[in-house]
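Take a look at the structures below.
First chain A sits with chain B, and in the next complex the same chain sits with chain C.
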Partner chain A sequence: MAIKRRDFLKLGGLTLVGTAASAAVENLLIKGEAKAEGYTSAPESLKGKRWAFVIDVKKCKENQSTCGFKCIEACNAYHNIPNIPDPKKEIKWIWKDNFEHAFPEESTNKYLVEKLEGIPFILLCNHCENPPCVRVCPTRATFKREDGIVMMDYHRCIGCRFCMAACPYGARSFNWYDPRKYLSKVNPLYPTRTKGVVEKCTLCYERLADGKVPACVEACPAKAIIFGDLNDPNSEVNKVLEERMAIRRKEELGTGPSVFYLID
Partner chain B sequence: MIEKALRGSKKYWLWLAFLASIIFIGFLCYLKQWKVGLGITGMSRDVSWGFYIANFTFLVGVAAGAVMIVLPYYWHNYKEYGKITVLGEFLAVAAVLMCMLFIFVDLGQPMRALNVLRYPTPHSVFFFDACVLSGYLLLNILCGWTVLHSEYKGTKYPSWLKPFIYLAILWAPSIHIVTAFIYQGLPGRHFWLTAVMAPRFLASAFCAGPAFIIIAALLLKRVANFDPGKKAIEALSKTVAYAFIINVLLFFFELFTSFYSGIPSHKAPIKYLFVGLHGHAEWVPFMWAAAILAAVAIILLVIPATRKNEATLVLGCIAVFLACWIDKGIGLIVGGYTPTPFETITVYRPTLPEIGIALGVWALGFFVLSVLYKITIEVKKSKELVVKYNGILFKK
Partner chain C sequence: MYNANKVIPGIIIFILFFTAPIWLNFGRLEAIPQPELPKGEKKCVESKEYMRAYHMKLLDDWRKKAIRENQYIYINSKGEKYRISLQKTCLKCHNNREKFCDRCHNFVITHPDCWHCHFTKEEAKKWQ
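Presenting the complex of A and B:
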């Protein structure tokens, strides 16, 4: 007699469970990912323990009509940021906005708003010390490097956008479409992404490895973006932060942003 | 027992065909989304979750709501729930399946979904959510099917099932607490950053789930001669009433905190949802519809006469279900993202393909539910001696 339905279902179920179990056992035996053995960075790469940006807002104010926002242009060109016409679906890693949008909590202070009116504030991922986006990512596709950079792994990202919900700064963008359709010029030195993954500023880790400063820092004609290692007492960022007054976005949330804005 | 679903009346097959057609339309819309990307939805850089996650959040609650029947029956021997426990467990199965599907259609890279299991990340609430939802699905399939199968064989369920049933009862609130934790731990979203999120989720789960079961049971009474029992419906309707009142109360507590404290970031999302903000009032009619439905529901469920009358009870339960769906679904999502971290407003409206895909998932859930309920009714009917004489049901 042909196999009974009940027995067939039992066999099917057992096969499924067996496959899953053997996969699980195999994964457990191989115990997660292999740590990269003997990883050393190239001698020319920039090394740091806590990379940070200090943006001199006064310089942005003074140069905004002539600088052409080369910082944004350079980042977009170098990292193959697609130019998507619909602002709802746009992708931006670094952009400008006014004080009220950059610091909405401080903007109930009308005197401060008046004083900082008409000044462009350069916004980007803050590479927080305590990043909520890293906390929530279910696959560790976004993770924090030892030098403080909050990184993105575009191959592992499943596009759940939990990190976008978690980021208090609106620093992250999602590829709602295939970005390659919106690229006029492609920089072969940096990969293009696929649709369905989240992306953001990754602090030009690939340029740091080559001993170069981030693209935005290099491009600014007024040198308004200061870059350095906060852990190094002799770094430019430490010196300027000791001399001048700086604020960070949404301090009260405890994220510990690494982007400072000089407001004096 | 599956053969019970393969033989049915014309109504049954027409119903399944209707659902299949909606599933097909949803599938076609999903093919477009697969090809073009999530850009075909109304979601944006500022509102990066929308209708899919809204439905997911609501349905986790419906799945957890089954515990309101299972707990009294198994832990406190409330025999009156005997006929509807399996209905609750199978509702949980269909609802969790819909939840998983809504997550799947929301993913940008769905083929990588298993990365969540390949790279387990205990500090991510999503990882836990994936685990507890899968576990709950398996538990309910196991418990519901085994209990029904024992009835089919004319015997009591085996004793080895009891620890699994107990585990399912403990597991039910946990799936919804974990879902609430997705929202209430995010520092930048002030509408969600409240300890009351988890209790609100539980309260709305414990009214929406049982409300659906009441509607389903009474519908089955009419179309399939299945009698859930008057006492069961009465007790369950009281559960719905109390749970819904607690849900509404918790919402009023949120209103108090936001408006008595006067903190702008707390007030802004509620203002946007209920009266509009900065010239934007897209969701105001929906939120007030939910409020009116809530008022109607409370009136119908609190007054004993309307709660005991089957017609008004069903109306009350529909009102509960819809009110919770709006408030805990799209109201919750939009409120979290509006205003944005820049205190601007980006409007979210689901697009037609997005609604099509969502309807397809709902239809698939209803399909699974219908098949499981058909099996349940047939098994229970075969154990009963029923005679319909002059329109009156005589039962042994």
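Presenting the complex of A and C:
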């Protein structure tokens, strides 16, 4: 049975109409699912353009014997950070290291080393102005927000660890194990991470949304960590930085770190 | 048709075999999942029907809006406001994974990886 040309064209036309109609119906259905009236930012949230930390090294040093590094403790407890003993596989968001390791480029500056040698510096993600980790992330799992936070979206992280190679500060950790096995106390308000994703300090984005300062800033009994918006000329961080001497880690790399260390 | 006496019964047996699950479960209703709704709470952020069909899409939008655009408040179709957070908002009422989430997910054999990171208070006790 051979099909006539006329019938063939008719069928073709019908197919086209059918396809168009089904696409239109699908469109209507999809429109139906967008139900939200909208989204907005929380009125109580802290708003900034470039969040920054200023760490008063002298104050920090004076209080280290008594404070027991409350900043690190508070962060670990709040964010359900596992305590993995193997230093090659540990997870750290905020940690301490000595001056020589934190500022290796200053190690030839004999006079600075003399003054600061051996002092534990509080280190964390620098939330760079020009973050190399964001540039290399192939899935945009890590990205820079408008308020200056270098964020992580663990849902999109494929665990390639390019960001870890790119970060000059060692601020990123990879989950080699299921972190839940290494938690002693759990904060039910914050999720854990899963095996195979990279994590780091997120500048307590969810606390900022609730109008609270980051956990480390709140926990420091000596108030040695000052937090504020670098973009706001009247903010405390700007005032302190205008008056006193501050250094940043590996400034020569051009990443524009947002964590400052007051050294005078 | 050649060998019709063999081919036609063959086709019938084939069709019956492949549709066996339909006939075996015909009229049985107990297989339909019955998720247990949270006690004490009468309404979710959107209607039951909407949540049933589109909760995964809503959660996806929530995530994008909250962490990428810093928009932490969801205004629902009635104009009510909710804080965007799986841990703080959803799981506050839906606090039983086995009796709520898993009942449908297991039925349709979908295993979303939400629970690799998110957890309920009850669950945390197990691995603590």
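Here, the second predicted complex is superposed on the first by the 224 of 264 C-alpha atoms of A that agree within 3 Å, B and C clash if a C-alpha of one lies under 4 Å from a C-alpha of the other, contacts with A are read in each partner's own complex, and residues count from 1 in each chain.
The rule is short, and it goes like this: a contact is a pair of C-beta atoms (placed from the backbone, for glycine too) under 8 Å apart; a residue touches a chain by one contact, two chains touch by 3 or more.
Just so we're clear, the structure is a prediction, and the values are computed from it rather than from any experiment.
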Which of chain B and chain C A:Arg145 touches, first, second, both or neither: second
First (chain B), second (chain C), both or neither touched by A:Arg5: first
Touched partner set for A:Pro191, first chain B, second chain C, both or neither: second
Touched chain A residues, chain B compared with chain C: B
Partner chain(s) touched by A:Tyr182 [first = chain B, second = chain C, both, neither]: neither
First (chain B), second (chain C), both or neither touched by A:His101: first
Where chain A meets both chain C and chain B, residue numbers: 33, 194-195
Residue ranges of chain C in contact with chain A within the complex: 46, 50, 53-54, 57-58, 61, 63, 65-79, 81, 83-88, 113, 116-121, 124, 127-128
Interface residues, chain A side, partner chain B - complex: 5, 27, 32-33, 88-92, 97, 100-102, 104-105, 107-108, 132, 135-141, 156-162, 164-170, 173-178, 194-198, 250, 253-255
Chain A residues within the chain C interface of the complex: 33, 35-42, 45, 143, 145-147, 151, 153-155, 180-181, 183-186, 188-195, 205-206, 209
Residues of chain B defined as touching chain A within the complex: 2-3, 36-39, 41, 43-46, 48-49, 103, 106-110, 112-113, 115-116, 118-119, 121, 123-127, 130, 182, 185-189, 264-265, 336-337, 340-344, 346
